[in-house]
Structures are given as structure tokens and as C-alpha cells.
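Here come two complexes built around subunit A, the first alongside subunit B, the second alongside subunit C.
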Partner chain A sequence: MKRGPGGLYATPAIVWLTVFFIAPLFIIVLYSFLRPGLRGGVEWSLTFDAYRAIANPTFAKVTLNTIVVALGATLVTLLIALPCGYYMARSKNQTLLLLLVIIPFWTNFLIRIYAWIAILGNEGFLNDMLQALGLTNDSIRFLYNRWAVALVLVYTYLPYAILPLFSTIDKFDFSLLEAARDLGASKFGAIRRVLMPNIKGGVLTAFLFTFIPIFGAYAVPLLVGGTESYMLGNLIADELTKSRNWPLASAISLVITLVTTIGVMLLVRANGANVLGGGKEASEAKAEQSAPLLNASLVALPHSGGGAS
Partner chain B sequence: MFKKFAFTAILVAVTILGSACGGAKEKLYLYNWTYYIPEDVIKDFSKESGIQVIVDAYSSNEEMYNKLVAGGSGYDIVVPSGDYVSIMIAEGLLAPMDLAKIPNFKNIDPVALARIGFDKGNKNSVPFMMGAAGISVNTTRASGYERSWSIFEKPELKGRMTMLDDMREVLGGALKYLGYSVNDTDPAHLEEARQVVERWKPNLVKFDAEAFARGFAGGEFWVVQGYAENVFLEYEEARHAEIDFFFPTEGMPMYMDSFCILKGAKNVDAAYAFINFMLRPDIAARVSDYLMLPSPNVPARAFMTVAPNYEFEDLEKGEFKEDLGLEGLKLYNDVWRRIRVGN
Partner chain C sequence: MKRRSSFSRAVFIGTIVFLFMPLFVLVLYSFNESKSGSWTGFSLRWYIKLFSDSPDLWRAFGNSAIIALGSALVATVIGTLGAIGVNWYRFRLRSYLRTVTFLPMILPEIIIGVSLLIFFSGLGFKLGLFTVFVAHVSFNLPFVFLLVLARLEEFDFSIIEAARDLGANDTQTLMKVIVPMTMPGIVSGFLTAVTLSLEDFVITFFVTGPGATTLPLYVYSAIRFGVSPVINALSVVMILGTIALTWSMRNFLKYIAAK
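Presenting the complex of A and B:
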């Protein structure tokens, strides 16, 4: 171990994480074991009521619904992001394409959701077009269901998936693909057996970057969802502001934090084991992969806990 | 904790800034609903009285209450709804109201005053506006319905209706439909009400208190539960005749927003002057015109120039929402959570 001023350099980061992540997380954990205050806030007496309430099957339903929507939306996002990242990595206009991916961030997130409402609405763009083409007579209701929620979520988090995938694929040595083809692999086989194992870290980062924020989604299901698209994020907000049960809200947000942390750990472990078994070249790749992964877990965790704040 | 600190910091900053440039001018800190009092009315008050009014806005009773409980002080007047008036009285947040300092109090309809249960005798509050959420129907789309809560049971309107994302309004409606009080806390009655709402729920697109009016104006929703002012504001004016806004025959929950002076208010005299000003007939009429709501201020009705969205008499079958008490609140929360979460 090298001794140096490294620890000193880390101080700002440590202070930042302590003040804005560890301390709030500690408060959330603490609150989840307290009694709800009569009119909001907490009373200082120990109870497991919040966790007893979570054990209720109706909560399992919301959790399940959240997992289904989040997994579905994340997988679709990855399926779209993979070819995008691949194309960008091979393109000569990388800067332009990168700019195009980032441009949506120039507009506020909520405004982009409302734009979707304007597109999918009853008198929206899509319905107007379908009617102008004579395909339908009356407008179709696209909004206010689980599909609309998934669509807007995919749209929102697509850039978060494209960017890490692009940066990983960009580092990939494409002559390896040619070598695979020379050795008799089919085009698809080469992608599956040579490209995919090498960009696994990027895929994992992209997965975490999309799955974790979607798992804590609040605004999207609220605005474009219907009665059946109630997600954990909405539950937390309602418990905090309407029912004023802060311990329950804390307990639910801890569930989100736990699910995402365990998910991250399992994925890292699965990925790590695989990489270690892959020989020299793969272990070199590991060094590259662990960096974005670490970033992912650090950035993503406060995000999920943030649902309660 | 942090919230409390941040809030205090902001307040201190505001106070310092305020005192640095304000001079000797008298001030009043008003914490009010968004878009509730037209700006020119406040300006006119400042012109007449020389009192500078600093307005802060909230969009729900919960938001206002949470902020005050989290340590927000420094306001002189708040405008909570009836159920929150009683909560805040119980919590000791309100200063006593000296009605002798508000001569215009006599303008308020005695019919309205007689129905107040949340602060009998107006010891801590002075009524400002009253109203209720009703049901709006797009008559170009729906017909052959009764003006009753039962409209939410009609299968032919499935997927075209919304109710408010507000447990007191939805459960209150179901309780009225069953013939109970909107403040009923009998668990058996609440269970019946829950079953009624569960019957309505499959026909509803969503519980929404934010964007339902826009959806209604856009033709997305044909039947919405909500406040008339929201619905009529969003709907194209030339087509207002298409809207059938009604209060269900069985009755409905009703609100009364009242002026209250906070305990520890620094500008009590200015607060009384403001409340008295707001109850002046010509001023109350301007507010009612702006909101297109009937006025609980009797002489103000003669000054109104805009036809309100419904008449004061229409509110007769309504019932004020009162504080449910802690046990009652817990029961409502549990029932509402079951409705919202289960599917």
C-alpha cells in the first residue's frame, strides 16, 4: 500500500457523501423505526409498525408492479440503446451524434413529459394524424395506462443507457470482430461471443443507470399513468405528504434502497466472477469496467433514496 | 431538522433584507392559496392602508400545515380550510380572533356561519370563501345520466372518468351516496364506502387532482370530479354550454376557507385591517368575480358582475369537512391506502 496525500484528496468527496448521503440515509433508517407523529413528523418511541405495514400483501402488489414496469422499461431501453451505442462508436460523426443524445437535456424533464401528453393525448398529434389518414374515426386513448408510463420512461432514460454503452463499445477493438469472422464465426455469432462479453461492463452500467431511477419513478406514473400504474415512488410521496406517515415513507424508501443495493451487488459479483474466469485479456478489461460500475453505484444510490426527500 | 434550519435561514435572510430596505412602512405577511386573491386587490389594500403585503403561496392545506409545523413562522395570516382550522386550533397554532376589530364580519351570510362546526362562534377564524367540488360532464359525449354519485358506476363511461386524488373528497362522496355524513368515522360505514369506491374504481382512468381539467377540456375525460373554477378555466369559453356541472343529489363534501391569525404574529393590527378590507362588499365581490364562485358575503352579491359557476343555494346539500380526529384520520388513511394500492 502506497502512503501519500490520497486520503487528504478524498476529503471533499467524503464530506459530501457524509452530509448529503450517509447522514440522510441514517435519518431515514432511524425514522422508519419510530412512531408517526400525530400530525406528521415522528415521535421518539421505537416501533416496528412501519415494517409490519409493509408486510401487507397490498404493498407486495405495488412493489411487484414497480419491478415489472422498471424491468420492462429498462430492457426495452437497453435493446434500443445497444444498436445506438454501436452505431455511434463506429460512426465518423461521433461528436455530432453525442450532441444529439445530450440535446434533450436542454429541456426540463417535466416539460418533456407534458410534451408526451400533447403527443399521445386525445386531441394530440398522434390521434390527429391517425384521423387525418382515415385510420380511425374517434380518438384512441393512449395515455393513462402502464404502456404510456413505460414509453415515457424509456424515452426519458434512453440517453443514460446510450452514453455508457457508447463509451464501452468505443474502446472495443473491432479488429477482434474481423478475426472472429475469419475464424468462421457468423456475423451474429461474432457479436454474441466476442463483442458482448467485452462490453458487459458497459451493459451493466447502462442497466443500473436506467433501472435504479426508474424503480424510484414518481412524476411519470403520476402524470401519464392511470389507476393501475401506481408505483413505489408515488406511494412514498403520498405517505409523506398526504397520510403524513413519515416512518412508513422511510421504510418504503429503504426497501427501494435495499432492492437496488442488493441488485447492484449481485450484478457486480456475477460480472466479476465471469471476468475472472476469462483469462488475461478479460482481467485487463475488468479494470476499465469497475470504474464506471463504481460510479454507477455511487450515483445511483442517493437517487433511489431521494424518493423520500 | 434540516428543513427547519433551511427555512429559518431563509426567513432570517428575508427579514434582514426586508428591514434593510423597508423603512418604517408597516408590513403584513400573508400565506395564502395560489391564485386566490387577485393581485390588484392586494395592491389596492396597500394603497389605502399604507401597509405593505408580502404574499407567499401554497397549493394544499397539507403543504401549508407541514411548513408551519416544520418551524415556518413569521407569517401573520393563513387561509386554511375548515378541517385544518380545527386541527390548527387543537395544535394551538392560531391566535384568538377579536371580532370587534372586524366590523365587516356582519356581512357574512348567517346561513353559512350557522353551519360551521370547525370553529363555532368564530373564535379563531373568519370565513372567506366557500365552495365544493362537483361533477362535470361533457354533454356532447355522455347523456342519460342521473345527477348522482351513481354516474361513476356507469359501465358505458368506463375509461372516461376521473375522481380527485383526495381521500376526503372521494370517500366523502361515497359516504354521502350511502346516506352517511362526510365526517363519519364509523369503521363499518367506512368499509361500506370503500366497497362503493372499489365499484367506481374500475371505471376510472385515474385519481387526479392536478391535470384532470386539462384532460376534460381536451376531450380525454368525459366525467370528472373536481372544482368548477379549474374545469371552466381550462375549457374553451365558447363551448362552456357543453359542460354540465352539478352537485350530486345525495350531497357532497364542502369546504370553507377562513382567515386565521397565527399565534405570535407580529403585525396583528395590520392583519385585522386586511381581513376587514377583504370582507368589504365591493372587495369580496371582486374576488368572487375573479374566481367565478358564489360569495358568502351577502352585500357583495349585489356588486358581482360575473355569473358564478354555481349558486350559493346549490351548496345547501353540501356538508363541511371537519377534522376527523386522530383515530378517524388513521382510519381514512388506511382505507384510502387500500383503495389506491390494491388493483
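Presenting the complex of A and C:
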């Protein structure tokens, strides 16, 4: 590494991201401590009203719902993704299986949500089938509740979990599993005590890749949820566009940001300590973490070639 | 081993069915004659309506195309230069740039959208195509940066030294050595940026204004209150379009990488 024109090359990126990414984040921190203006905007006087408002029961209910839905959907996603990643990693047709997982993922995000409206709606595919089979006369209301939100979230983010799990399990040396079996471990025991500790990094990446977007979900609960399945994302949008309470919207955004960042830091730290036995430096742990993260995004993105092609 | 693999096989097959089933339903319904609900017969009327009688949709598509290409281009230039700087040179704020490019990947989209909306409104920017463009450059930039960086990391600094020893100045080194050999990374960064931009709904939703409806925003307004048959037809066209586009780009990338 040398001195040279590096600073010059990096200046546009530094300026752009500072102005349009970091500064806006600082502005919402500032705004969250101000008084709301009459029609949006803020008045320049310091107050903790926004944070007081977050603590009230209505908000607490939405926060709780967001946490329950996000944890539940993430857990289900991981439970489905683990065997999928395992099967793909052990397969001889990896490229084909990867394509099968990625092709639905190429479909536009809103179209994927919409497809579920077409299936679960009152005049949708499922009700149509049930009525044709004579199982029901009236259409059943599948949409606009918490279960529909969770289902569509799992559907949307499943590939986010499968891809990092696949790439980690793929790197695992399966002769270790055979060795464990030879030494008398049961099938399940070998998987739990030899495979799982080795793919912890991938599980963590998959967890974060799924949990973070689900925790900040906006479009899915908006389109397939009802009032009881409101999530924090919807609350922010309402405060911004309907109630025009910018400080409150900022404060809720800040809570999501903090939960996300603290979550990432805690998990990376816990995981780094476990995987590396705590002996190595933190920076190395971080590199270990970011590698699969980046790798997963590379595989996940349509044309970057992926690991298996 | 055998039982385990048959279990994972069953889950995998189930998952693929789960992932594809909604798309098949869309394809099926796009050919349905009636507006919604039960199947009444094969018809191409929604495709005809899509291509000949949906001016707003195509205007939205035009906006999406302009934003996607424009923001991808700017993000690619800025992101590539940033990656080159970070990979090979030492300068102040180097670790700052590395951290900042990582943040958008871990923050939920809604946070980026909300903070930009408040930022633009607070500064008195008029919301519209320009603010959408700025927002798209901002979330595309880190992806281009990381993709180009991944490519750069395969090379040794001695290549730069060799160029310098042979008398190239900084500009020549950049344009004649670094950029050509990073091309596959740059192209895949650009294409990724185009895709992300075309795909984005949440961030655009917050920073958009009158006259700046993109395709995802149009789709949103159409599906908000239930099923819309033209959107069924659009979905099928988009799915096929993405597959065709991705397929040709994969080959294009392989061709560049091989050159």
C-alpha cells in the first residue's frame, strides 16, 4: 500500500456518502429531540416528547408485534433454509439448484408480494380452488392478518438465508462428519456437534440477512397486513405522511437503527469469540464475518457469476 | 446419512415448489379472461391492454429506466474510483469510507428512505425525479464499491509499480492499467446497480414527488386494493424479461472476463 492519488480517487465517494447518507442519519438523531412543526417539519426547541410517545402502550404494542413477527419469521426461514443449504451443498448439480433458488428472487419484490395477494385474496386462487372442490361456500379471508404477513415475509427473504448457508456448508469438509460417525457419534449428534459449530458464521449471516430487513419491513405489512399486524415501519410512514410528526418518525427510525446496529455488533462479537476460540484478534473475526456476508450478496445478485458457475 | 439426505431433499423440493408456485399462479391468471376470481377461459386481452392501453404504466417504466441507467452510471464512476483508492492507496478517511460503505447493507431500507426524505425536505429540495436519482446513487454506490473492491483484491500492487516504472503517470496508470483489468468488476457493479434501482420500492416511495412515479411505485398503486389483471400480464413480461436479461448479461460478463 502506497501513498498516491488514493485520497483524490476516494473523495467523490466520501463526499457523496457523507452528504447523502451520514448527514441524513445525523439529522434524524437531531430531529428526534425537537418539537414537531404544525404541518411537518420541526420547531427548534429541545424536548423528549418523541421518546415519551414511543413508550406509550400503543407503540409498545406495535414494537412487540414487530419483534414477535420478525423473530418468528426469521426462525421459520432459518429452519427451512438449513436443510435446503445442506442439500444444495451435497448435490452434484449445484449450479442448477442455485438457479432454482435465485430465479424467483429475480422477480420484482412487489410482484412477489402481489403474487400472494392473487393467491390468498378473497377472490384469489386458493379460495377459487376451495370453492371448486366444494370445501367451502363463502370465501375465507386469508389476507390482512399477522399470519399472511409472516408467510409473505418468509417467502420474500428465504433466498437471503439459503444462499449464505449454502456457501458456508459448501466449504465444510464432510469427511469430518464421517470421522465423527466412525468414532461412534450418532447421525444427529455428528451434525449437531461437528457440522453446526463449523457453519455458525453462515447461520449468523443468514440470521442477520433475514432479521434486519424483516424488522424494518414496510411494504409487506402494508400490502398483506391489517391493523393488528402493524409493524414499526408502517408506524414511521404514518407519522411522516399522515400525522406529520417528524420528530416521532425520527425517534422510531432511530430505535430501529439502534436495534439493528447493536444486534449486528453483539452477534458478530459473540460469534467471533466462539468460532475463533477467542484467541485471535477482533479484526480477524470481523474479516471472517464480512467475507461470507459479501460473498452471499455476490451470489445473491443476479449477474455476478456466483460461486458455482 | 441416507435418511438425513432424504429429509433435506424433501425440504428442498418443498421449498422450490413454495418459491415457484406464486409465479405460476400469476402466469396462469395473466391468461384468464375474467377480471378476477375464477377461471373463465383463455384470453390475451390483458397483454393487449398492457401494450396498447396503459400509458401511465409506460411513463413509469420510462422514469424507471432513466433513473436506473443514470444512477447506475454515476454510482459506478464514483464507486469504482473509491474502491481503487481504498484498495491500493493510503489516505486519511480510508477506514471511514470502508465503514460507511458497509452501513447501507446492514440498515433496513426504510431508515435510508426516511432519513433522506427528512434531509431533502429540511433543506427545501423539491421532491421529484432528482431526489429519487440522488437516493438511488446513494444506495447503489456501496454495492458497486464492494463488487469492484472484490475484483481489485485479486491483483497485486506490483502491477501498479510496474506501470509506474515503465513511465506511466497517475492518469495513465488509472485509465490504461487499473480500469481495463477491473472491467468485469465494474460491469457487474453497474449491472447490479441497474437491477437494484429498477427493483427498489421502499426508498423511492419516500423520496418521490409528483411526476416521478417509477414502475414499482406504479405497481404499488395498482395492487394496493387487490388484484389487477394488467399487473398479472406485466409480471409475466417482467419475469421473462429479467431471466432473458440476466442470462445475456451472465454470458456478456463471462465474455469480458475471458478477454
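Just a few scattered comments:
The working rule: the second predicted complex is superposed on the first by the 253 of 309 C-alpha atoms of A that agree within 3 Å, B and C clash if a C-alpha of one lies under 4 Å from a C-alpha of the other, contacts with A are read in each partner's own complex, and residues count from 1 in each chain.
One rule holds for everything that comes next: a contact is a pair of C-beta atoms (placed from the backbone, for glycine too) under 8 Å apart; a residue touches a chain by one contact, two chains touch by 3 or more.
For clarity, every value in this text was computed on a predicted model and none was experimentally measured.
By the document's definition of touching, of the two partners only subunit B reaches A:Asp238; subunit C does not.
Judged by the touch definition given at the top, the superposed model places A:Phe207 against neither subunit B nor subunit C. Taking subunit B and subunit C in turn and counting the residues of subunit A each one touches, the greater count comes from C. Legend: residue contacts after superposition of the two complexes on their common chain; A:Glu228 is shown touching subunit B, with no touch to subunit C.
Of the two partner chains placed around the shared chain by superposition, subunit B and subunit C are both touched by A:Glu123.
In the superposed model, A:Gly41 makes contact with both subunit B and subunit C. Judged by the touch definition given at the top, the superposed model places A:Val62 against subunit B, while subunit C stays out of reach. Residue overlap on subunit A between the subunit B contacts of one complex and the subunit C contacts of the other covers 27, 40-41, 117, 121, 123-124, 223.
Chain contact summary for the complex, subunit A toward subunit C: residues 1-10, 12-14, 16-18, 20-25, 27-28, 31, 40-41, 80, 83-84, 86-88, 90, 97, 100-101, 103-104, 106-119, 121, 123-125, 128, 131-132, 155, 158-159, 162, 181, 187, 191, 208, 212-213, 215-219, 223, 233, 236-237, 240, 246, 249-250, 253, 256-257, 260-261, 264, 290, 293-294, 297-298, 301-305, 309.
Chain contact summary for the complex, subunit C toward subunit A: residues 1, 3-5, 7-9, 11-12, 15-16, 18-23, 25-26, 28-29, 36-39, 77-79, 81-82, 84-86, 88-94, 96-97, 100-112, 114-119, 121-122, 134-135, 137-138, 141-143, 145-147, 150, 157, 160, 170, 174, 188, 191-192, 195, 198-199, 201-202, 205-206, 216, 219-220, 223-224, 226-227, 231-232, 234-235, 238-239, 242-243, 246, 249-250, 253-254, 257.
Those residues of subunit B that touch subunit A in the shared complex are 1, 60, 62-63, 65-66, 69-70, 87, 91, 159, 167, 201, 204-207, 210-211, 215, 218-220, 326, 333, 336-338, 340-343.
The part of subunit A that touches subunit B in the complex is made up of residues 27, 38-41, 58-59, 61-62, 65, 117, 121-124, 139, 141, 143-144, 222-223, 225-228, 230, 235, 238, 241-245.
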